[in-house]
Amino acid sequence: MDKKLLVVGAHSADFVWRAGGTIALVTSQGGSATVLALSYGERGESGALWKEPGQTVDNVKRIRHEQASEAAAILGATFSCLDLGDYPLVMTDAALGGLVERFRDLQPDIVITHTPKDPFNPDHPVACQVVQKARLLASGAGVASAFQRIKPPDLYFFEPHQPELCDFEPNTFVDITPVMGQKRQAMAVMTAQGYLQSYYAELASRRGNHARRISGMEEVKFAEALQRTLPLVVKSL
Amino acid sequence: MDKKLLVVGAHSADFVWRAGGTIALVTSQGGSATVLALSYGERGESGALWKEPGQTVDNVKRIRHEQASEAAAILGATFSCLDLGDYPLVMTDAALGGLVERFRDLQPDIVITHTPKDPFNPDHPVACQVVQKARLLASGAGVASAFQRIKPPDLYFFEPHQPELCDFEPNTFVDITPVMGQKRQAMAVMTAQGYLQSYYAELASRRGNHARRISGMEEVKFAEALQRTLPLVVKSL
Amino acid sequence: MDKKLLVVGAHSADFVWRAGGTIALVTSQGGSATVLALSYGERGESGALWKEPGQTVDNVKRIRHEQASEAAAILGATFSCLDLGDYPLVMTDAALGGLVERFRDLQPDIVITHTPKDPFNPDHPVACQVVQKARLLASGAGVASAFQRIKPPDLYFFEPHQPELCDFEPNTFVDITPVMGQKRQAMAVMTAQGYLQSYYAELASRRGNHARRISGMEEVKFAEALQRTLPLVVKSL
Amino acid sequence: MDKKLLVVGAHSADFVWRAGGTIALVTSQGGSATVLALSYGERGESGALWKEPGQTVDNVKRIRHEQASEAAAILGATFSCLDLGDYPLVMTDAALGGLVERFRDLQPDIVITHTPKDPFNPDHPVACQVVQKARLLASGAGVASAFQRIKPPDLYFFEPHQPELCDFEPNTFVDITPVMGQKRQAMAVMTAQGYLQSYYAELASRRGNHARRISGMEEVKFAEALQRTLPLVVKSL
Amino acid sequence: MDKKLLVVGAHSADFVWRAGGTIALVTSQGGSATVLALSYGERGESGALWKEPGQTVDNVKRIRHEQASEAAAILGATFSCLDLGDYPLVMTDAALGGLVERFRDLQPDIVITHTPKDPFNPDHPVACQVVQKARLLASGAGVASAFQRIKPPDLYFFEPHQPELCDFEPNTFVDITPVMGQKRQAMAVMTAQGYLQSYYAELASRRGNHARRISGMEEVKFAEALQRTLPLVVKSL
Amino acid sequence: MDKKLLVVGAHSADFVWRAGGTIALVTSQGGSATVLALSYGERGESGALWKEPGQTVDNVKRIRHEQASEAAAILGATFSCLDLGDYPLVMTDAALGGLVERFRDLQPDIVITHTPKDPFNPDHPVACQVVQKARLLASGAGVASAFQRIKPPDLYFFEPHQPELCDFEPNTFVDITPVMGQKRQAMAVMTAQGYLQSYYAELASRRGNHARRISGMEEVKFAEALQRTLPLVVKSL
C-alpha cells in the first residue's frame, strides 16, 4: 500500500484530534501522510499559552509548530504550516494559488479537511472551501486542459466537535484499533488541552461501538468517523 | 471471496435491469447470489404477455418464472418467487414472517432492494419497507436476544427508473465492465422488453462515465449505481 | 378547455378553504370539477354542530353533506362523500379499491389532495397516502398491463393550515382573482366557521402578494398556493 | 411547578438510558412523571436473561417489570407496561385506542418518545408513530369536536443510540447536572447491561460539554439531548 | 430581566416589520434593545422618497434615519446605522472588523438578523453572513484565546417576506400580544409604506393563530415567528 | 410568442450541451435568445486544442469564439463572451456591474445558468452565484427604488454532467422533439468533443423517456431537464 494522504486543518492542532488515528493507520500500512495547517491558531486556540506573562505571537507560533511537528512524527507524518493567520483566517488568491501548487506537487490520493459548516468556528468553513477549490483547480474538470492535472483525490471531512450542528454525516468509519496507542501519544503532546485528550479518546470508543453495531465486526474497539464527499467506485462489493 | 448476495425485487424482472451486473460480478468472483421476487408482476408489468389471446394468470406467471430463472442462471444466481401478487403488492404478517425465515436461512452478507420512495410504482416502496423490517427482525438490535440472530447484512438500494424523483442518492458505483456481456445476455432473455434492453445498456455506459470522472479509473466502461444505506466500516482508506 | 379536476379531502369541508378558488377557476374556464370527501369530519371538525342539544351523528352528517354540496355547487363542482369515518380515518383495502374505481371512472387530468405530513391532524396524511396509491393503481407503471389503465393525472397538494410545519413547498400559485367572489360565497356557506372565512380570504390576498412579487404580474390580487409533486413537461417556456 | 410528563418507550428499559435525567429533573422540581412501556422487550432486548437455563417468557417479563419499576421509582416516576410484544411490536387499532385513553386520562403536558426513524430497531419507529397518532386523536385538530379533547402536549424525541443514522436533530439540551446521581442509580438497576451504564454516563458528559459551549453556562456538567417537534411559543426571549 | 437584544438589518426599516414586537417585548420587560442597520436602503427600498423632484441621496438617508430612530424609540430601542450602501451591500474586512467591535462593546445576549437565503433580495444574505461571522469572531471558539471574548449570544433569524422561498423554519413564536399597539405605532411611522403596515399586522395575527394552535394558550393574539439557530439549553422543561 | 431568453455559461461551450434544445425551441417559436459566456474556457476545457504544437491562448480563444458563434447561430441565437478567464473564474465587482448592465439592456424574460453546486467544476458555482446576484440587482426587491428596474426574469438551472452530485432537481422537462435536429447540428460544431455529442444526444432521449412517463404525452421523444428556481404563477391549471 503506497497511498498518499493529505490532511488540511485551519489550525495547527486540528489533525491530532480529528484524524490522528486515520493518519497513523495509513502510515502503519505503508502509505505516507502530510499534514498541512493553514494557520497556527495562535489567536483563537492557544489560550493556555497566552496566560504566560510576556507571551508573544512569535513564541506562541514556535511552540505550536514544535507540538504539531512532534505529534505528526508520532503518527508517521510530516507537518508544515502556511501561517495565514486565524480569527479570521482569510484566503487570498495568492494563498489559494499556493495551495493548488501543494496539491500538484504532492498529488495526494486522499484529502481530509473540515466540514463546510461550523457554527462554532469562523475559520473551519474557510478551510473547507479553499481545499475544495484547490482540489478542483489542481485536477481539472475531468477533461484534457491547458495545464498539468493531477488525478482527483478522494475527499473526506473529519468529525467536528458538535457533529449534528455542522450537518456532519458520518458515512465512513475507520477502524483505528491497531493504532489507538499512537493517537493517544500524539494527543498527549498537546499538554495544555487535557480535557480534549479524554474527550477524543472517548469519542474513538463511542465511534468504535457504532462501527461494531453497523458491521458486526466485533474486533473494532476504536474508530474515527469521516464523511466521504463523493461516491465510492468499487471493483467488488 | 465467498460473500452471499440476496437481491429482493417487488416483481420478477426487476433484478435484471437494476442489479444484473452486480449479481454477475459477485458470482464471477466466487460469491453466491440469490434472487427473490415478491411477486411475478403478473398484473402490472406483463402487458405484452396479456396481448396474447386466451392468456391466463397462471400462464403469465409460468412464463415470467421461466424467464427470470433463465436470466438468473446467466448471472450465476438462483431465482425464486413468493408469489404474493402485484398492483397492489400486500405484505401480510405471515409474508413478513416468511421473509424473516429466508433471511435466517440464507444469512446474506449483502442485500439489495428498491428505494423507499417511487412515485411511479405502488409496489416498490412496499418491497423496500418489508425488506428493511425483515432484516432488522432477523438480525436483532445488536444485543443478545431470545432468538437466533444473523449478522446484519449490508443493505443497498438499486437504481430506479427515474432516480431523482425517487430521491435516489447513488453513493456506490460498481464497476461491471468485466461482466457487462452477461448483463446484456440476461436482459436479452426479456424478449418482450426490447426498449428496456437498450435503455439499461446505455445507463450502464453513462454510470461508467460518471465512475471514471469520479475515480480517475480509466478502465471503467460500465457501472451500476447503488445507494448504500449505512456507513461503511473500513480497515484502510 | 375541458380538463377534469378531482379534489379529495379527508373531511367534507377541506376543499372550500384550500382549493375553492382553483375549483372555480377550472369550471369557469370550461373544465369540470369533482369533490370527493373521504369522511364528513363528523367527529373532529363539527364542534359547533355538537353544541346543539340532542345532536346525532346522522344529523351532523346530513348537515355537513348539505353544506358541502351547496359550496361545491357555487364553485361549479359536484360533491360526494365515501363516509369512512374520521378521527381516525381508516382506509381498508376495500376502501382503497373503491377509490381506484373512482379514478378509473372519472379519469381526472388533475388531482389535488392533502400534504403527506400534518402534525396537527391524524387524518390528512392518511388521505394523502391513499390518494397517491389509488392514482398509481389506476394508471399503472407506465407500461402495458393486465388491467385498463388511465393516463396518470397531475397530482398537487393544497395548502395546509400551518404550511411550514407540514413541509409544504408552494411551487405553483394559481391566480384566482377572477373567481375570488365565488370562493368567498362558498366559504360563507360554512356559517359556523366565521373565523376561517376571514383567515382564508386573507391568505388568498397574501399569496396574491407573493405571486405578484415572483412574477411581476400586477393584476394578480388573490392566489391559492399548491405543491406540484411531479415535474412539469412543457412545449414552450 | 406541576407539569405532567409522560415517557413512552417501545421496550421497558428505554426510558432509563434516554430520558432518566429529564424524568428526575421534572419530579425533583415538583412535577410528576409517568413511564409507559409498550412491551417488555422480552424477545429482542433481554438476551442476558435468556442465558439462564430454564428461562421462560413470563419470568423474563416479571424481572423486566421489577427492574423498570425500581428504576422509575428512583427517578420519582411510576411505571406501567401495555405488554404488546416486541420484535416485532405490532400496534392494533385496539392498542391505539387504549393509548388514546391513557392520554385522555393523564392529560400530560409533555410527551417524550422515540425518533420516527431507526435503522437499528424495528420497534422504535412503530412506537413513535403510534404516540404521534394517539396525541392527535386525544387532542383534536385545535377546533371544537364531538369528543372530549385534551390540551395538545409538547412532544419530544429522546436520543437514539446512533443519533446521525436516525436523523436525530438535538435542538433542546436539558441540564441534568442536579440529578445525575439519580440517573446513575437508575441505570445501575439494569445490572445485566454494564456497558450501557458507562456508555450513557459518558453521553451525558459529552452532551453537557456541548450545552456549555452553546450556552456559555459553565455550571452545566451533564445534559440529555432532546428533539422538540413543534415550535416553542414563548412569553419572553 | 436585564437582557440585551441586538437586531441587525441590512436596511434601516427591516427591524420594524420583522422584529418590532420582539423588541418592544424585551424593553417592556426591563431589557434593552439596540437596532443596527448596515445601510439606509437608500437605493433599493426608498422608492417613494425618490419620487420627490430634486431628491438627493443625502436627504433620503436623513429622512430614513429620522424615521428609523423614531420607530426604534417607540419600541424602546436605540438606532444607529453603519451606512455601508445598498444594492449591493458590500462588506469589507474593515466593516466586518467594525461590527466585531460593536459586538464586543455591546455584549448582547440575543442577536436577531436576516435568513441566510433570500431569492428576492441581494443584501439580506450578506447581512446574515457578516453577523454570523462577527458573532464567532467576538465570542471565540469556546476555548481560551489571545483576545477578549464575549459570551456567545443566542442567534435568531426573523421572518422574511416570503418565508418558504427563504427556507425559513419558524421554531420560536414570540407572543407579542401585550405590545402589539407599540408595533402598530412604530409601523405607522413608515408613512410611505401603508401596504406593509396592514401586511405585517395581519401576519402577526396569523402567527398568533399558529401559536395558539401549537401551544393551546388561548390568550395569544399576535406573534412574531423567529428561527432559532442553535439548540436551546434549559434548566427545566 | 416574443419571449427573450438569456443563457449564461461559465465557459463558451456550456450552452450547446445543456440548453441547446431549449434555445432552438424558443427561437423557433418566435422568441429571441442570447448566449453569454463568462469565459472561453481556454484553460480548463480546451484540452484538444492545446495538443496542437505552438498553440497560444489568443488562438484558442479565437477558435472557441468561432465555434460558439456558429453553434449559437444554428440555434437561432447570438453569442458573446465577457472573457473573464477560467480555472479559476473570478468575478470582480466591475464584472458583476457589467453583468447587471447586460440584464438591464436585454431585459430577458427567462434566464438559464448553472447549478449552485458542482463538485466537479470550480467555475460553474461562481457563474450561478453572479447570475443570481445580477438578476436581483437589476430587478430590485419588488418595490419602487432609486434606479431603473427590470421585470424579474424566470430563473432556471440547466442539467449538469452528474446531476445527483450537483443536487440538481429536474422539475421542468422541455419537449425539444421538434428541434432535436438543430441541437445535433450545433453539437456537431464542437468537433473535438465527439464523445459529448453522443452523451448528450442520449441524455435527450433518456429525459424524453422520463417526460413521456410523467406526462403520458407519447409524442415526446427528446427533452431537456431544467430546474425552475421560483414558483410558477399560472392563470389556469
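Per-chain residue numbering starts at 1, and chain names A, B, C, D, E and F are given in the order in which the chains are listed.
Note that a residue touches a chain if its C-beta (ideal position, glycine included) is under 8 Å from a C-beta of that chain, and two chains touch if they have at least 3 such contacts.
Fair warning: this is a prediction, and the values are worked out from it, not measured in the lab.
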(request) Starting at chain D, figure out the least number of steps needed to reach chain F through touching chains. (result) 2
(request) Report which interface contains more C-beta contacts, comparing C-F against A-D. (result) C-F
(message) Based only on mean CA positions, could you tell me how far chain E sits from chain F in angstrom?
(response) 37
(message) Touching at least two other chains at once: which residues of chain F meet that condition?
(response) 120, 142, 170, 210, 213-214, 230-231
(request) Classify the chain contact graph as line, ring, star, complete or other. (result) other
(request) Write out all the pairs of touching chains, ordered by chain label. (result) A-B, A-D, A-E, A-F, B-C, B-D, B-F, C-D, C-E, C-F, D-E, E-F
(message) Can you tell me which positions in chain C touch chain F when the two form their complex?
(response) 1, 3, 5, 22, 25-26, 29, 110, 142, 151-152, 154, 170-175, 210-217, 220, 223, 225, 228, 230-237
(request) Using the touch definition up top, name the residues of chain A that touch chain D in the complex. (result) 120, 161-164, 168-170, 199, 202-203, 206, 209-210, 213-214
(message) Which stretch or stretches of chain A touch chain E in the complex?
(response) 42-48, 50-51, 57, 60, 87-88, 90, 119-122, 165
(request) Give every residue of chain D touching chain C within the complex, in rising order. (result) 93, 96, 132-133, 136-137, 140-147, 229-231
